[in-house]
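Some structures to go through are shown next.
One chain, subunit A, appears in both complexes that follow, with subunit B as partner in the first and subunit C in the second.
Now for the complex of A and B:
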């Protein structure tokens, strides 16, 4: 029994160690990337570098979230835990759009 | 000597510029390059599939003023978007079929061609996309569109006009929308106001009071954070804390299109060009004058539920409020003379 648990633990640890962090900036009413490819388990940090409030949300089936409003200099993180295409927008400024492709 | 030093210091300060609330550095001198972001392009953008030409403008002009595009044959686009009333209707909120009072103000068409989203709640993306909406809405023009296109396809005058404007294309919702959009994007344009002349270098185009108003607009009063360059809109959506959001079951605005909490009670930022001609103000028509608008913002809104985080009490003096109003009156272009068209019978 002990032998079975041990490899699972290693697999879990290595998966966590391989997860990457990505930064997407919001500047001049645009996301710094139009598209981004990441892996399941990766984290994207959304930062506001404009001197006014932004929002980040997605209503995609793969990952639905709403980060509310946040001011210049602050950032919020989202972990993407399922594969698929995630359309991301700012609800305040709808011309701000990007797509995150989450791969297995 | 002292005077010279002081003058030099003042000049240096002016040259250094002022950082605005939306992060731009401006030097408030007529024609200064730092201000060029506020200049509109000479012509509005258009889709490749609908390049403006004289035949398309002429057809759109006729359709815009033709009341036979409504179910009762008594409402045209120009009924609610009257060029004599700032391409709006001077009503607090619109009146639709049988004079039914509707929930939102008729928005001006002025400079909507520059916007990336249409309607108070942004449910239409461009002028072509928007054009059929009021005809199809049963509370507005209430038109049976099957009957409309049957009639247009049997009218010799319109058949000739459509053939000239869109040769080889059918008379349908697509070509009708394209013609109306072309008329709007080539005619309802305000880009020759005293402010525009000042931006181009005419020192006398704006008074000192109006220049002070512009400084406040981009600075202390925080207006430009939403009423952004060059068309005085960020094409965005904000809850301004209007009293009408405090009633039971208020108009939820953008939230009906994008169910995100911030969008509850949020409406599109309208342009301020020609604003003097489009009273009353706000999507609910609750402000009769520009001074009432300024006072609303100075208070930081009435209803704080889901209020835009950009809203905060401003602490403006009476003089500053008057300067802001004076500046907004510098955004009025010369009146566009529109001729009533000769409609095909």
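Now for the complex of A and C:
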């Protein structure tokens, strides 16, 4: 039993250790990146640097989420756990759009 | 067809929701616009202080900012509706007073002890845009 659990534990710990964090800023009603390539398990932090609210969300099948509206100086994080293309938008500012490509 | 639609919308657009705007005179509109072309553009351009023009402008605001969650017809079935619990409100069924709706729009749902999914629009929209949007919302209400 131990022989099975131990390798699984090591594998999960090592993949978590390899995961990267990325920062996407929201400034002047625009995302700081139009596109971003990350790996499965990586985290993206969406920071609001504008003096008004933003509301980041995605309707993509790969990862749908809604971070709610939050003010300047705040940030929220999303872990991307499946590969594929994720289109990210702001519900308050429809012109704000970016794409995150999550690779295996 | 457009003339009929606009005039019908004007007739429907009644009730306590409308503030200080005056009503569109259909005969004047027919004279001011090209024959058979009493369309949205003509009304907004030539009758901008009327309820009808405000409703048209409000619909444009709605289609830019609100449609995502509340849907094309205001029934709470926009493409982002599935992300929210509680689901976006069916605005056609609203009977809430104008001041209350204005506060929800300006301050967002959370500040008003409603769903957190409704963002605060006070920084994004002008008073005129909010007034126009409210006029549009009143025009789609089932209960006038």
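Here is the rule we go by: the second predicted complex is superposed on the first by the 104 of 104 C-alpha atoms of A that agree within 3 Å, B and C clash if a C-alpha of one lies under 4 Å from a C-alpha of the other, contacts with A are read in each partner's own complex, and residues count from 1 in each chain.
The rule is short, and it goes like this: contacts are C-beta pairs under 8 Å (C-beta built on N, C-alpha and C of every residue); 3 or more make two chains touch, one makes a residue touch a chain.
All values derive from a computational prediction rather than experimental measurement.
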{"item": "Fit or clash - subunit C, subunit B, common subunit A", "value": "clash"}
{"item": "Partner, of subunit C and subunit B, that touches more residues belonging to subunit A", "value": "B"}
{"item": "Touched partner set for A:65, first subunit B, second subunit C, both or neither", "value": "second"}
{"item": "Partner chain(s) touched by A:23 [first = subunit B, second = subunit C, both, neither]", "value": "neither"}
{"item": "Which superposed partner A:79 touches (first subunit B, second subunit C, both, neither)", "value": "neither"}
{"item": "Subunit B versus subunit C as contact partner of A:53, first or second or both or neither", "value": "both"}
{"item": "Subunit B versus subunit C as contact partner of A:94, first or second or both or neither", "value": "both"}
{"item": "Subunit C-contacting residues of subunit A that also contact subunit B", "value": "52-53, 55, 57, 59, 66, 68-69, 91-94"}
{"item": "Contacting residues of subunit B [partner subunit A, same complex]", "value": "21-23, 116-117, 122, 225, 234-238, 254, 258-263, 266, 308-310"}
{"item": "Touching residues (chain side subunit A, partner subunit B) in the complex", "value": "29, 50-53, 55, 57, 59, 66, 68-69, 71, 89, 91-95"}
{"item": "Interfacial residue positions of subunit A with respect to subunit C in the complex", "value": "52-53, 55, 57, 59, 64-66, 68-69, 91-94"}
{"item": "Contact set on subunit C toward subunit A in their complex", "value": "64-65, 68-69, 79-80, 82-84, 108, 116-117, 119-121, 123-124"}
